[in-house]
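By letter and in written order, the chains are A, B, C and D; residue numbering begins at 1 in each of them.
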Amino acid sequence: MPDSVSAAPKPIETRESVVIRFAGDSGDGMQVTGTQFTNATALAGNDLATLPDFPAEIRAPAGTLAGVSAFQLNFSSSDIFTPGDELDVLVAMNPAALRANLGDLRPGGLLVVDREGFTEHNLTKAGYETNPLENHSLAGYRVVPIDITRLTTAALKDLGLSARAVFRCRNFFSLGVMAWLYTRPTEPIENWIRHRFKGELVEANLRAFRAGLAFGENTELLPVAYQVQRAVIAPGTYRNITGNLATALGFVAAAQKAGRPLFLGSYPITPASDVLHELAALKQFDVHTFQAEDEIAGIGAALGAAFAGAIAITTTSGPGMNLKAETLGLALAIELPLVVTDIQRAGPSTGMPTKTEQADLLMAMYGRHGEAPVPILAAATPGDCFHMAFEAVRIAVKYMTPVVLLTDGYLANGSEPWPIPSVDQLADIPVRFRTDPTSFYPYLRDEETLARPWVIPGTPGLEHRVGGLEKDVLTGNVSYAPANHEQMVRLRARKIAGIAREVPPTEVFGPPDGELLLLGWGSTYGSIREATRQLQNEGLRVAHAHLRYLNPFPSDLGALLGRYRRVLVPEINLGQLVRLVRAEFLVPAVGFNKVQGRPFKVSEIAERARKLLRNERLEESAA
Amino acid sequence: MSVFTKKDFVSDQDVRWCPGCGDYAILAQVQKILPELGVPRENFVFVSGIGCSSRFPYYVNTYGVHSIHGRAPAVATGIKMTRPELSVWIVTGDGDALSIGGNHLIHILRRNLDVNILLFNNRIYGLTKGQYSPTSEVGKLTKSTPQGSVDHPFDPIALALGAGASFVARSIDVETKHLQHVLKRAHAHRGAAFIEILQNCNVFNDGAFDALTDKASKSEHTVVLEHGKPLVFGADRTRGVRLRSDLRPEVVTLGTGVGEDELLVYDETNPMHAQIAASLQGPSFPTAIGVFTAVERTCYEDDAQRQVAEAQRRTPPDLQALLMRGDTWTIS
Amino acid sequence: MSVFTKKDFVSDQDVRWCPGCGDYAILAQVQKILPELGVPRENFVFVSGIGCSSRFPYYVNTYGVHSIHGRAPAVATGIKMTRPELSVWIVTGDGDALSIGGNHLIHILRRNLDVNILLFNNRIYGLTKGQYSPTSEVGKLTKSTPQGSVDHPFDPIALALGAGASFVARSIDVETKHLQHVLKRAHAHRGAAFIEILQNCNVFNDGAFDALTDKASKSEHTVVLEHGKPLVFGADRTRGVRLRSDLRPEVVTLGTGVGEDELLVYDETNPMHAQIAASLQGPSFPTAIGVFTAVERTCYEDDAQRQVAEAQRRTPPDLQALLMRGDTWTIS
Amino acid sequence: MPDSVSAAPKPIETRESVVIRFAGDSGDGMQVTGTQFTNATALAGNDLATLPDFPAEIRAPAGTLAGVSAFQLNFSSSDIFTPGDELDVLVAMNPAALRANLGDLRPGGLLVVDREGFTEHNLTKAGYETNPLENHSLAGYRVVPIDITRLTTAALKDLGLSARAVFRCRNFFSLGVMAWLYTRPTEPIENWIRHRFKGELVEANLRAFRAGLAFGENTELLPVAYQVQRAVIAPGTYRNITGNLATALGFVAAAQKAGRPLFLGSYPITPASDVLHELAALKQFDVHTFQAEDEIAGIGAALGAAFAGAIAITTTSGPGMNLKAETLGLALAIELPLVVTDIQRAGPSTGMPTKTEQADLLMAMYGRHGEAPVPILAAATPGDCFHMAFEAVRIAVKYMTPVVLLTDGYLANGSEPWPIPSVDQLADIPVRFRTDPTSFYPYLRDEETLARPWVIPGTPGLEHRVGGLEKDVLTGNVSYAPANHEQMVRLRARKIAGIAREVPPTEVFGPPDGELLLLGWGSTYGSIREATRQLQNEGLRVAHAHLRYLNPFPSDLGALLGRYRRVLVPEINLGQLVRLVRAEFLVPAVGFNKVQGRPFKVSEIAERARKLLRNERLEESAA
């Protein structure tokens, strides 16, 4: 009787944190389910981190491993930095989802499956020879098989929906079960359903959701419910935000704070396209989006827009970044502000477009001919994308330089609760176009920043030409004079190096000196931070520093590195930052590298650090 | 607005083309007409790629960008989208526009940004010292084709038409009056105005257009397209172009039983006429110069700006509200 | 040579297109005709760029290169120049061929390498999940154009003609027989054969070609070009295309005082006919399918190979002599 | 009486080495003059090195500084490594040539000028306010003003040539004077004239040349002639060769030794175009050149040719190199042999196309997205371009990998006497296409080299597909499996690193350990070698090592660097190799950098090394 919520409520136990993953076919609505669970969790006051995992194909054949879509959430009453290494709960809507995800479920973890999905046909498609629900292979887990399809159908029976439509409500049944199990607030989910769906689908999804709740309440398979206490979170208003959305908003905010139009020239590419999509829908903020014929035209148009006085940006991912190199070189030669965002994905070549990687750092540094320095910033978390996008624009404008902003697929699609900044407290980005023709020279530089003046067409008396040939150090006219070239090459380098003066001091999490510094950049932030905390809890003198400015480095970095006996640099590549710090500071930093298209587990980093420290002790005792 | 003269459009840079280069004549005509267009000098922007021709912006005292090889249309697109009030001119070569830059060219033409595109076609790579180009005739002997080039060239006019260009014209470096006229028409056209300018590279491809420019032969080898007028040419204007029943053009001699009324009366808004004019190729036909096509079509930047204005009308920009969009929660 | 069947051309890879995608039908027709072409299987090479359509080579059990976005014509050029005996097929999409790859496309067409180019035109970027493409109609609502696209699209046929293509055709994914026919004609043509294949993307642009494929409407909305035959169409074949005196086409109803002899009798070797057929656009005109242009022109790789052979005939290759060329001196 | 060679011959003095530069307007034929003097000098048995210097403009206005063209030659009876720092002799055909080149003439050096060129008009164009021939500003030099135009005209008077044609013979008059002064053999020059010119121009140029000879013989301004003894040069047959020609020939030889066609896909660009020009004229060697629509198509076609079984190469310079990045990434992902030659020029952006630089090394290393390693080779001298081009092909084929070959504008246009290799002694490059279908897997690797098999279309039963998506480690089918990706990323890296096994041990010029190692790469070879010799002659324990393999490094390099107290890395950039060795070996190598579009002077390097060693001593004595 799913409708009659009877009997005494079940007992509620408290958990500090829970890692849950919803997995199903790409048509099963797992991203929606995960997102709604996340929103409810955020409103419940937990700290949280999420990890969506889309299939690589647009629409892989239903039921296949290639078609599995998943959404993972870690929520907790204490600080959370990662979506979690291991699952406490796996919800698997079909055999393929089970097979693709079971490896991540911790021993004894809770496994919720739609039993009816385990038909012979589906088992075969997933590559199972026998039904795992029946062959004891799942003995190490707490298996809760539910006839989700049947129960959903029953709940919706008098609505007159097609079987297909009913089938598509199954995800809300699962969500209901999980919402009950973790005592999530149901209001926000129901509101969202009312908002999102139309006609009888509102009722259908509400019923499915409530049926799931009721099932949880009544089933013997789930004898207790759990709660996770509110986390101590800094006061403020929060929302969940993905890295790509935060990037887009950061650019809009920066342009607004600069009082200039925002121009995006871009060519679609996974996982960067969403920034284009977001910005295309924000034209009311004087945002101009240009879907170009290719990446070269995207950056070319952006450079033109910069010349014309806009806040100009271009967005792409690795393969497209190659194509932007030549124009990036021109931008730094003609010294115009421009932000190039590379949302990294697994390479080389086409690689694995939907998978994450951090292997474009050295390309950002060196991927152009000639001496062609640019500042490089990297966001550490989804929400940080907002700030780094904003900062990239600020630096570009202040120093009249292109800036490379690095994020990656993990940040782009991952989300975290984000304290919404107050617009009043965002600093203005002063833009001062030169209009005075007296003693005007296109390359006369500001003494402090070495920036040349920004003069836009339409300014009478300041007509001038810029171009990629080497320029006279003052007039900007073409010059082949040997000494002038050297001067210009060094000036361009000094200008970028000088940005270090306003790079904030490196924040260190942990002791100011010690046995080991974990040095990271980009999306590894959470895993490294959590690993560091664990190591610290073990009494190890380990600290974590995370670089958001990769070029120039913070001025305190050399000294900082020198204060730890060892420096370990975990990266989702074969060792790129580690090469830069070794070359720059001659410190024997070592890399810890994983290149699997996915983030580090906390345990992997912690284990690697322990090993390093053990060896150190071994070496010492041997010495 | 102050009144400008030609010399206001001469920059302080020494012109570095080879003595005798056709580029000089084109520069002079452009500098001549600019003051006559009623545009404040500071509102002109010249954008080029790389090549001898692409040095052009350095010599014109307006705003200018000497960008990278083939990419001028992209840069110009960003300028024009951001600041539609500017008068944007692209200067490019047959290599710059049709070899490395072919894609940007056809895209700016289809999008129809309101820019003027001057393609200096000398049928050679000048700056890199004389390799054949995509407009070089088959069999061209150059450093990179010692046995003669084997590729069939592009016809820039046909390519521009195929890309959907709204204004397509051709002129010749030394035809100063004609060139001025076409330049002014291009400026007056709202939309992407494409002009192929036949230009002599006297160092690496000297005399490529002699037949069209030699006093003695030119009237036999060129026909001037004029809207509403029949296609007549020849020193004594006794020859004309007529359409056969299979729609192919033929050259006829007037008077010998053939009247002017049988000739094709040129209609620059008729795409078939443009195709026929483009197909006129030497030696059996005179080369057409003038405006091949001029049709009205909305400009990309106008439509794009309109969307911005519309969005602003619909949703007043509120940054704080934007940041707060969606589900939020407050911790106190 | 062993006799192959369709299944010899099916690779062992699972096809990963969305269920219902038009690409399946095209794949099936290609796999069907390949064994009929008299080419040993190992001599086929399929080259593609990136896109849903560009996954094609993985599914055909021949040699294949899934290259990078837009660059398939370049890769194919190297293959064909090195090994003219291979049968080289390029598979590409409207984004791959006309957006990022537009330049390579027009250049391979003008050079006229003997390759077959299958452009799957679904008027959308499928693989990147639904942005508008250079063939999307104005006003297209997509993720990247929430207020509608503002660019005037390319007509792939017109662009190919403007680039000087020697063979240009159009077919439709679901017109299996017609598609097979056009594919075979393309193979038979010596030179670059360009086929636009209208293809339904049922996920991001479903129904784009419904008018041309729906049983009920298709005969009213398509006209099949057949060399030497008048342009007749309609369910009962009572409508036709006639040329007006201003060279613009018009649709006429046969019988009502109009006879078939007034219709345009299609000549695929006449460039003007190709232009007229290309200009037939809905809703007022039926869309033309079939072969627009098929003309003879020498192939780039033949001429290039001939130069190698000629050079070898003129100067037998002697490496030591080559190294010794010019002034030498001997120290002993 | 120029015709009557009278009186006793003048005395002849011996010089060890001479640096001479011919300078004039670009229309003055200075490159021809220099080249002919060089050929005669080579035949005279001297060692030599040359440096042509073209104007940046195609045809700069006559008489301007921008139009000056020059050709420098250093010849000697001992080993020569550079074209020389300072000029012993400057021949200046007009005021602009004088002004542009005088700074390089050593005090007391010989200055030969065409006095008649010093008209008011020409002086103004060169920016002279008064005539330097008359205002004593040349007092520090031995000035020999000659009325070259008048004397040439006189010698040619009865040939009925136009004034313009006569004017164009002036360079042979100057050549005659210099040939007399340095007792060069006149035969080869006269033969060349007979060969090169047609009709009366043969006679005209011969007469001009002989008039110059006679003038030298008779003039009082040149009281002695000089000779430079034969150098001790390894036996063999020599020719002069520029780097670009050597590169072209190296590729032809490699393809011949591989028994395969050579395919070049290229797009013209300074200073690389000549390789295309050379190869286009060598089709008899089964050479196929494709002038592509851009650099992307150039490398794309080359990759297609590699797939089809050709020895495939592409050539470019910096700006074009940017555009090849994406396809280079594909080439290394599908593992096909391909050589990408970057003939570096001064950047960034369009920079100074006709000037040299070494600033593309880090781009060659890192200029692609993802982990995308390729072997990098660099030629050290013009003649070495032949060997490195050959070697690049060998490595590409053996390891089934794209290879980057770096040369630069200085090597490209500079020339040196080149011992012509015997074709028989060039090693074969074995190419073994796989044809056996049994247990065929496209990515099954050779155990030693890790190379996958090369299978070309047309091979029955081996039909397969390659592409840029990540591939299964064995089958090559598309794979998104995390562990497979890591395995592939590491395999690609290991394959390239493994090439170190056949990189020859680093040659050291000088002591095997000591105070200072000068470490160089590329075209700085000559300057560093000569500087090292000078320092050694001063008794300093200094050695020189020059890298021709930049990736992977020679396996002995780390140990080698450790054997010197200091490592100094002179580079024509802001420090690129130095970053690589610091990162790799943690040695405190320091850079010595000059970025002026031209090579180091020997003295600059020697002086910098001395300073370093002085500081070292200072530090030591302070310690």
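The working rule: a residue touches a chain if its C-beta (ideal position, glycine included) is under 8 Å from a C-beta of that chain, and two chains touch if they have at least 3 such contacts.
Here the structure is a predicted model, which is why all the values come from computation and not from measurement.
Compared on C-beta pairs in contact, C-D and B-D come out with C-D as the pair having more. One inter-chain figure worth recording: subunit A and subunit B are separated by 45 Å, centre to centre, where each centre is the mean of the chain's CA atoms. Work out the mean CA point of subunit A and of subunit C, and you get 40 Å between them.
Contacts with at least two other chains are made by residues 50, 66, 68, 100, 102-103, 107, 134, 147, 304, 307, 310-311 of subunit C. The set of subunit A residues touching two or more other chains comprises 283, 293-294, 319, 326, 330, 334, 349-350, 467-469. Chain contacts here are complete: no pair of chains fails to touch.
Residue ranges of subunit C in contact with subunit A, taken from their complex: 14, 16-19, 50, 52, 66, 68-70, 99-100, 102, 125-129, 131-132, 134, 143-147, 203. Looking at the complex, you find that subunit A touches subunit B at residues 39, 42-43, 45, 188, 192, 233-240, 249, 252-253, 256, 261, 263, 265, 282-288, 290, 292-294, 296-310, 312, 326-327, 330, 334, 420-423, 456-469, 477-478. In the complex of the two chains, the subunit B residues touching subunit C come out as 100-103, 106-107, 110-112, 134, 147-148, 150-155, 158-164, 243, 246-248, 267, 270-273, 275-276, 279, 297-298, 300, 303-304, 307, 310-311.
Partner subunit B is touched in their complex by these residues of subunit D: 57-62, 64, 66, 267-270, 273, 276-277, 280-281, 283, 289, 291, 293-295, 319, 349-350. Listing the residues of subunit D that touch subunit A in their complex gives 56, 317-319, 321-323, 325-326, 329-330, 332-334, 342, 344, 346-352, 354-355, 357, 359-360, 362-363, 365-372, 467-470, 480, 482-483, 485-486, 489-490, 492-493, 573-574, 579-580, 582-583, 586, 588, 594-598.
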